[in-house]
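In the two complexes below, chain A is the common chain; its partner is chain B in one and chain C in the other.
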Partner chain A sequence: MSMPATAWWTPVALSADVPPRMVIPATLPVGPIAVWRSQSGQVTANHDRCPHRGMRLSHGFVRGEKLSCIYHGWSFGKEGGCTAIPAHPKVTPPASIHCGVMPTVEQDGLIWVASAQPDTAPPVFDQYQPLRMLNFCACIDRIKTVCDASSRDPATDTYVTATLAGFVTRLIVTPLNETETNVFILVSPDLSTDQKIAISRAAEVLRNLCERPSPEGQQT
Partner chain B sequence: MKLYDYVLSPSCYKVRLLAALTDTTLTLRPVDFHPGKEHQSPELLTLNPAGSIPILEDGLLVLTESSAILTFIAAQNAPQWLGQDTPQMAAYVQQWLSFSHRLTTTLGSARLIEMLHGHGDLAALQHQGIAALRELEAALVQQHMKGATYLAADRMTIADIACFPYAALAPDGSVSLDPYPKIRLWMRAIRAQPGFIEMPGIHRLHELSNDPLETTNQ
Partner chain C sequence: MSFPMQDEWYPVAMLSDLHRQGRDTLLLGQPIHAARDPNGIPIVTTQNGQHLVTIERFGHLWTSLGTPRKDLFSIPEADQPGRTLVDVGVVRVKCSPLRAVENFLDIAHFPFVHTDILGAEPHTEVENYQVEIREDSDEVWATKVKFFQPQAAKSAEGGITTDYMYRVPLPTCSVLYKTCPPRPAEWDVICLFVQPLTEELCDVWPWMALFDDETPLTDMIHFQQLIFLQDRSILENQLPRRLPLDPGMEVPTRADMTSVAYRRWLKRHNFTYGAQLVAK
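Coming up: the complex of A and B.
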């Protein structure tokens, strides 16, 4: 089975898909999170819920080194503490107003988040770089079956090997729930643009295959 | 130019947005689409037998399809927005103008059901809308690999204007945009354009304006 959800790294986005001053929604096993990159480039992950009125912080905006809620503009720093309440400009927000921050690592073009500090670092994928992320409406076992489960690395259980457009790729498969899985496609860094496009298209076809009902019926 | 307009209509917003980005002056004539169904009144049916909006009236010219209206405004005021540098670019623009109708009939119809008491098979429309969003995402992934941010070129064209609003408002039809990182970057690039205007559900990028609190405290 997969690692304990509370202490393992989940890939949430390609670094390139979160440029400075941007916040995006993502999903951890414990629930939705807001992942944002400050103007200076630092990545932070918060619970996707403003402590004020519960609005998703991923709908918000990043100014400088702060994430602000779209609803009433409450701002949060990289430590999660509320730094400003626009309706009360002279008030220094008490430390109790806080939005949970989760451990985050950016490594080899991927952003990894964990809901608690894991004992080890996220896995390293030598000789591979992320190409794109796709959302599959298929469970992880179905994807492994379609990609040929025998090629899965038994030592780490962190990725599936798939041949796409004739190239060996690695897929990091992250279940979002019973039926949805995020798939990060890692490829050799030496590929041409045309080869990357071919792999991207083959990945769409792989998704279609995975989303078809399996011949033996649904196995979950 | 007179635009028969409805503030909640993504198709009308396409016209207002292109006009704003190209310094085109429009005279807006608000239409009580909901709940008044004014688009099906005798006055408007005289202009547009299809009973839809937007309608653009310019002298004797009457246009009733948003892609045609975008083409007219761009050709008149900002020809670079037509994206006709190369045969390939021109074809891509046409491809995406056609594709935009699929966004309208899928995501747009789901939105009408969810927001304005429209009728139809919501689950099927959402499913088709997701298929369209996946195509959009895949195309933008390819564009990024080629170093371009937009659909038909490395600059905005009417193709982007045509596809942007219904994609951006997918959540109004209960279709999530969370799984599409390149659509998110594309929408952000559009919202960062100088002169960008909003519509309900599509707001400007607050990160591009100064923090009013910091301004006040100075």
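Coming up: the complex of A and C.
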């Protein structure tokens, strides 16, 4: 499996899964990140590691427009600079104390992050909206096979078309490593709640199918 | 293979819970068996039947894979009459044994990790304190440490400014002396004895010698376990998993002087089991 050589957008979460003052862990091909939304609604993605003692920032907390580490309360702003060290409240942290921030775009209900600034915007999925993200313990090729590889978008290779509970859906498949893949399910906005629940359950069945060992001798 | 840390002492069992059938465990990656012989004498054996040196002290059985240069350290205060000796038990932590000790030496995390118990905002400031590596005893000491605590001990009523002294006599052991609420002239003694199972896995045996006639033993143990389980949520989520001994990887401040001295002392002695070096 090869990673894109140039910087590219990776979907990391549904907008709805990161309400204001929430931080969550996510994974980019380059490593773990902390994705958080400030009180005012802006989304930021940092390296998931406090420069002080290496604690995961995704375990931290958001106050106002700052993300704080749960270990010693060091705070970081949206540009990644350390803004406060509670052990030394009278000291202004030097600019050298910094936690890497990655380009982030929120678009049509999805949060996209890139390890470096890509030349173009993330793909647009007209007529579809995100329903749910699932983590599959299966490689991307296995998922494409189970969903019928011929139905994937040949132009961009950004999504797979799958029929779930009788509805046509689009799956954004994002490999995390050789064995794990994040799958974002996009559906038509016209569906009822019951229909969305049916699709959600069908997606879990799809996951079980993908995680089952493939039949012997069959190439996946 | 020989390395400096194998000649040091390590806790491998709690004496009050050591029986004939014994305990299969690891020390510095090597399988060992700690048990009592038919006469009730504690013994530690390696896989090929070799008997290791042992010491019974501070409620625990201590051993070494090599040849210790000196006797296991002493804690004179713990021998004072009237103290309650508390075997807290064991907590397994998926972290470097050195990170477990370093976290024990840290006070700045109290308001955030032990919120409303050992610390609380806005009382986050760490005042200057004294740190030294004592050449005669070859131990790391931090003295004149002060911190505001909402509930410093099970016996404490309301918030007090607590005085601390920290001591590192062995690479994976630390002794903490702190204000004893019922007896202001004495120090409570709280120890963290860490058994390094591997470089990224340890069994932690907290042990205490307190002046406290009021609190039931069970409550004292629960209090210490609560505190340490809060620490575990940190220790299992630090990256890298091993303690970086070379500068550059992590950013210390004045509040981290004890940790800086501990890392320097580890490096000076080549105590690098559980450490990450740039050269590696």
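In this text, the second predicted complex is superposed on the first by the 210 of 220 C-alpha atoms of A that agree within 3 Å, B and C clash if a C-alpha of one lies under 4 Å from a C-alpha of the other, contacts with A are read in each partner's own complex, and residues count from 1 in each chain.
Basically, contacts are C-beta pairs under 8 Å (C-beta built on N, C-alpha and C of every residue); 3 or more make two chains touch, one makes a residue touch a chain.
Please read all numbers here as calculations on a predicted model, not as lab measurements.
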Once chain A of both complexes is superposed, is A:I97 in touch with chain B (first), chain C (second), both, or neither?
second
With the two complexes superposed on chain A, say which partner A:R56 touches: chain B (first), chain C (second), both, or neither.
second
Under the stated touch criterion, which partner chain does A:P89 make contact with: chain B (first), chain C (second), both, or neither?
both
Partner chain(s) touched by A:S200 [first = chain B, second = chain C, both, neither]
first
Chain B or chain C, by number of chain A residues touched:
B
Where chain A meets both chain C and chain B, residue numbers
70, 86, 89
How about chain B: which of its residues touch chain A in the complex?
134, 138, 141-142, 145-146, 178-179, 181-182, 184-185, 188, 203, 205-207, 211-213, 216-217
Mind pulling up the chain A residues that touch chain C in the complex?
32, 48-49, 51-56, 59, 69-73, 85-91, 97
Residues of chain A touching chain B in the complex
13-14, 17, 19, 21-22, 24-27, 61-64, 68, 70, 84, 86, 89, 132-135, 182, 193, 196-197, 200-201, 204
Taking the complex as given, what residues does chain C use to touch chain A?
106, 108-109, 111-113, 121-122, 124-126, 233-234, 237-240, 244, 249-255
